[in-house]
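Residue numbering begins at 1 within each chain, and the chains themselves are lettered A, B, C and D in the order written.
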Amino acid sequence: MKLYEYMGKELFARYGLTVPRGKMVTSPDEAAAVAAEIGAPVVIKSQVLSGKRGKGGGIKFADTPEEAREAAAQVLGMTVQGLKVEMVLVEEKLAIDHEFYVAITVDGAAKAPVLIASAQGGMDIEEVPDEFIVKEHLDVCLGVQPYLCREVCRRLGLTGAVAKEFGRLLPTLYRIFREKDAELVEINPLVLSGEKLIAADAKVTIDDEALYRQKDLPVVDDRTEAERQAHALGLSYVQLDGNIAVMANGAGITMGTLDIIQYYGGAPANFLDAGGGTGMEATAKALEILLSTNPRVIFINIFGGITRCDDVARALVKVKQEKGINVPVVIRLVGTNEEEGVRILRENGIEAYKVMHEAAAKAVELARAQG
Amino acid sequence: MAIIVDEKTNVLVQGITGNQGTFHTKQMLGYGTRIVAGVSPGKGGQTVEGVPVYDTVAAAMENHQIDASVLFIPAPFAKDAAFEAIAAGVRVVVIITEHIPVHDELEIIAFARRRGTIVIGPNTFGIVSSGRCKIGIPPNQFFVPGHIGVVARSGTLTYEIVANLTANGLGQSTVVGLGGDRVVGLSFVDVLEKFEKDPETRAVVLVGEIGGNAEEEASLFIKKMTKPVVAYIAGKSAPPGKRMGHAGAIIERGKGTFEGKVQALTAAGAGVATLPFEVPGLIKEALG
Amino acid sequence: MKLYEYMGKELFARYGLTVPRGKMVTSPDEAAAVAAEIGAPVVIKSQVLSGKRGKGGGIKFADTPEEAREAAAQVLGMTVQGLKVEMVLVEEKLAIDHEFYVAITVDGAAKAPVLIASAQGGMDIEEVPDEFIVKEHLDVCLGVQPYLCREVCRRLGLTGAVAKEFGRLLPTLYRIFREKDAELVEINPLVLSGEKLIAADAKVTIDDEALYRQKDLPVVDDRTEAERQAHALGLSYVQLDGNIAVMANGAGITMGTLDIIQYYGGAPANFLDAGGGTGMEATAKALEILLSTNPRVIFINIFGGITRCDDVARALVKVKQEKGINVPVVIRLVGTNEEEGVRILRENGIEAYKVMHEAAAKAVELARAQG
Amino acid sequence: MAIIVDEKTNVLVQGITGNQGTFHTKQMLGYGTRIVAGVSPGKGGQTVEGVPVYDTVAAAMENHQIDASVLFIPAPFAKDAAFEAIAAGVRVVVIITEHIPVHDELEIIAFARRRGTIVIGPNTFGIVSSGRCKIGIPPNQFFVPGHIGVVARSGTLTYEIVANLTANGLGQSTVVGLGGDRVVGLSFVDVLEKFEKDPETRAVVLVGEIGGNAEEEASLFIKKMTKPVVAYIAGKSAPPGKRMGHAGAIIERGKGTFEGKVQALTAAGAGVATLPFEVPGLIKEALG
């Protein structure tokens, strides 16, 4: 779960990090009021869950409350990277002496948290050459010790009071990362303004799997309706732009199913990983989600491990009988309780495939025929 | 031989009295796995499928030699159960549980490293040394003894490929599921090293996916291997930046692309299958 | 630094552990008032830094406020294990269903914290047979994890609600141990009363070396004046009951010096480890502490490593000149800057020994001659 | 040979610009120790006794091969400095600092174990491989090359005994100070194992004290040793329960008594000296 910038900054402030004075607003009038309160030049930042807002025009500057009102009016309602702007953050404009980059995230290859810092902040970190990036893996139970702060400061060229402040910031960032189950805590740019380090941006991503124990965080839900419904069933769903609705069991095989559809020239309408061991009722509901997206064909690819073929067969029959299915369904069904599943389908006039690529080819052929 | 587990491996099932635990205990016993004990706090003294249940791992180990443990434990409690097995000195810990918070995974792996424990998973189907020992959840019937080692990130896709191998007369020495999460215990390289040393394994199938750089790292090792490797990488058609189920399967920052992985593997001398059903043919070709 | 029982219980209560209702008082009237407030039978416990108070008569029971006044009057002013009682803790008398023992301390051999628990609480743990003691070493950064609580409960025979409460108590005890830099956190007995676990006693020892960062703890100082003065100099001093005052540099060699004095039939008046690298001024002050205890002989045994022989020689000469030394001084002086030290002493009419046991024998002989 | 350190050991001094650090850097250089760098945050670029100073251990290691580090760091900052050395991969870390909180020591030792680092101390005089390398604070003149290994808990007492050995023509292979605190890195057994294997060491002197059970544990190993061991235990005259300077030297709960230690050592075949000056005679006797 990604937090909006203003939420991330609120979190930072609660942990004692310095953030610019400012406030999130949803109307031009409020923006003017906040600018008046700040009483200095401000920046108006669109609140969307995407980077690169600046390039998309989602960030504007204003010297007066009136300018702030105008800027907010422009930004509110605009679309940044496909996302509609409904909130803006109005903040004091910082006097920038230097911009740093600093982040803590999870390095899957190293199986450890990693601290990333650079004296070349303000831009995308992947565009900064390696030699200007400090990367330190962290021992999960030791976190950022003082010596590591000193070493990072040395490599960033920080000394004196600023180094001291940096030495307070890094362990705090690690505490946020750990205590909030974050996958990513990123400040870019971290602005040096005089002797102060100010988090001029905040990118915080919370591990979805840990949300159950992070009840005090705000809830951000940017999923589509179908994604939300699938998630409520404990399944993983991603909307795509093709016309063959796909359900398979397991992330890998679902990806493989999309690949094979594309290989035969088809276009998947979605990614729906029905997981392992999903029961009959949930499978039926998942099928209803697929139906709701109006595909040309539904392709079900089941290799039953924990998932039982008879459960899938019963779910399909249930949906067919109760809701009706007005598009062709291609189903491939092998594995646990395969015979029972195939029998149930046959009794209901559905013939199951045994071989994945033959079934996929058929689904693509049918989608083409429906076109 | 086979790697990591075999017919002599004594297995403990943590969470044996739950639905999943009980179901798969039966399945594993049916495959021939030596399940010697189960753990379920508060249920000590019961039996499940004839297997004695204890309240704690330590209690089980007072009464049995335990070589490996498999966890059917809900995500919020999985870290603690893994810690319990690691602290008790179990050599191999297989974590089937999915949806474990990544910070818990970081802690599990860090603790396991300190104790020298092999962790398979989390979010894995487990490990099968065909015909000898299945620890995990794959369907029994597709895994038959042979000389192909399989190492994979995802579950069902692996069954698909193993079934293809078996249908083509290619049995497996050991099939290892690394787990689909971003942070897991064993890596491709760990397993490839073991297959390279295993006299029973003649060729290796690597089942990867887009995202991360595990396949790229594996390529560096494959270059040095004497045994042929055939790879299949899922996710060619995935749009960048879309999360495809596995936390690990995100194409991040331009790294971990399908093309990059295929290129690295090909350069390392591995055969790369475009579709899963091509794997057996490539293996046969490689074995000459 | 040992905490008094009532301080330990206050600490426990702050961490959310259950302790008996009660209050520390210093007079019989207050004791009666607290008993009246509790409104039930109470126990009057002498507050001294020693175990085994019960056997010394330092614990009494009272059914009424009047009895509490009498009991407190008896206990206040009595001497328990050589320590005068100046405070008593007046507490509700618990209904005891069972007594457990639980402690966390440092195991020097294992180089790790160790959790010790027993279902045979209420007595000295060293008298409980090994098979009734649960001992679990802890990973310092993981502490007491839930699985360990379950295992300890299993071995103590605890189930159900009590096991759950025990499972909350152990991690809390570890938090106290860690956060308060404790060498020992002990509850004996931990009383099971109905379904509640109550800390009926509290033994908490804080690491002296960590007191600088434990400013919120109460200060307990049970040292003698000489010990206090030595500590202020950064030195280690223990009062003994002989008549040869001893100063050496290093704990081991100081112990060895006491041993050798005893070997020759002498009796050391103290243990004074002047440490390594103690300068001239501090050494002079340490000598003044020795003089203040009116020994028959002063024996200085220096093997100079960081300690410089000339510093010690100058210190001795300074004290001799400024304060006067009216007892014989035997000094053994070798090591760093030995020649300079020996020269300084010789110029001031003091002949230094080179060999430790010869010097010790001489000191004993002089002490005997002074007798 | 000698154990742990020798004439090829490249040494880093942490806290080199402090009084102690500077003084002992000079002393160590005078003994012939290869001190290649020093660390002192904020003082990078200076030199001390000709030794280049860096801001961090990592910076020093970018410029030098470092095999061992010695800490002259005030107690409140010693844990962090030790962590820095351990994290940087220094093989041997010698912590001279006394008065380090015991919880910091627990953390240091736990971290060192994870990384396989040898920690000597805290509260140690250090280690001397006579004539080759001195890392620590003992006076130079008493340590001469020879074939006696010495392992001790306390400092000055050890100098006393080493001086006695030297005066009697018995030079030392290596002299190791374990440190006087309750929690320290190396134990008697760790060092005895190394002496047993060291071809240059012919006999070992163990200097112990009352309190703890380190000498009792050592006895179990001495029983299996082929080389003779002579021990001296300080604290015979200490009254029970009195704290004698070292946190470790408390007679606790009836364990760790003088008599118990002497008995264990004698039973293990070690010679036990009543007074320090008897040690050389016992060694000569044992060597025949």
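Methods note: a contact is a pair of C-beta atoms (placed from the backbone, for glycine too) under 8 Å apart; a residue touches a chain by one contact, two chains touch by 3 or more.
Note that the structure is predicted; figures quoted are calculated from it, not measured.
**Student:** Per the definition at the top, count C-beta pairs in contact and tell me whether A-D or C-D has more.
**Tutor:** Per the contact counts, C-D leads.
**Student:** From the centre of subunit B, which chain's CA centre is farthest?
**Tutor:** The chain farthest from subunit B, judged by C-alpha centres, is C.
**Student:** Where the centres are mean C-alpha positions, what is the separation of subunit A from subunit D, in Å?
**Tutor:** Here the centre of subunit D sits 54 Å away from the centre of subunit A.
**Student:** Quick one: report the Å distance separating subunit C from subunit D, using the average Cα coordinate of each chain.
**Tutor:** 27
**Student:** Give, as an integer number of Å, the spacing between the C-alpha centres of subunit C and subunit B.
**Tutor:** Distance between chain centres, rounded to whole Å: 54 Å.
**Student:** Pull out every residue in subunit C that's touching 2 or more other chains.
**Tutor:** Residues 139, 141-142 of subunit C touch two or more partner chains.
**Student:** Two or more other chains touching the same residue: where does that happen in subunit B?
**Tutor:** Within subunit B, residues 114 contact more than one other chain.
**Student:** So in the complex, which bits of subunit A are touching subunit C?
**Tutor:** 141-142
**Student:** Can you check the complex and tell me which residues of subunit A touch subunit B?
**Tutor:** 106, 108-109, 111-113, 126, 139-141, 178, 181, 183, 207, 209-210, 212-213, 236, 238, 240, 248-256, 258-263, 268, 271, 273, 275-277, 303-307, 334-336, 355-357
**Student:** For the complex, which residues does subunit D have touching subunit A?
**Tutor:** Residues of subunit D touching subunit A: 41-42, 44, 55-59, 80-81, 83-84, 87, 111, 114.
**Student:** Per the contact definition, I'd like the list of subunit A residues that touch subunit D in the complex.
**Tutor:** My answer: residues 139, 142, 145-148, 150-151, 154, 159.
**Student:** Once bound in the complex, which stretches of subunit D touch subunit C?
**Tutor:** Residues in contact with subunit C: 20, 24, 75-76, 98-104, 106-107, 109-110, 125, 137-139, 152-160, 163, 180, 182-185, 187, 207, 209-210, 212-214, 217, 232, 234-239, 242-249, 253-254, 274-277.
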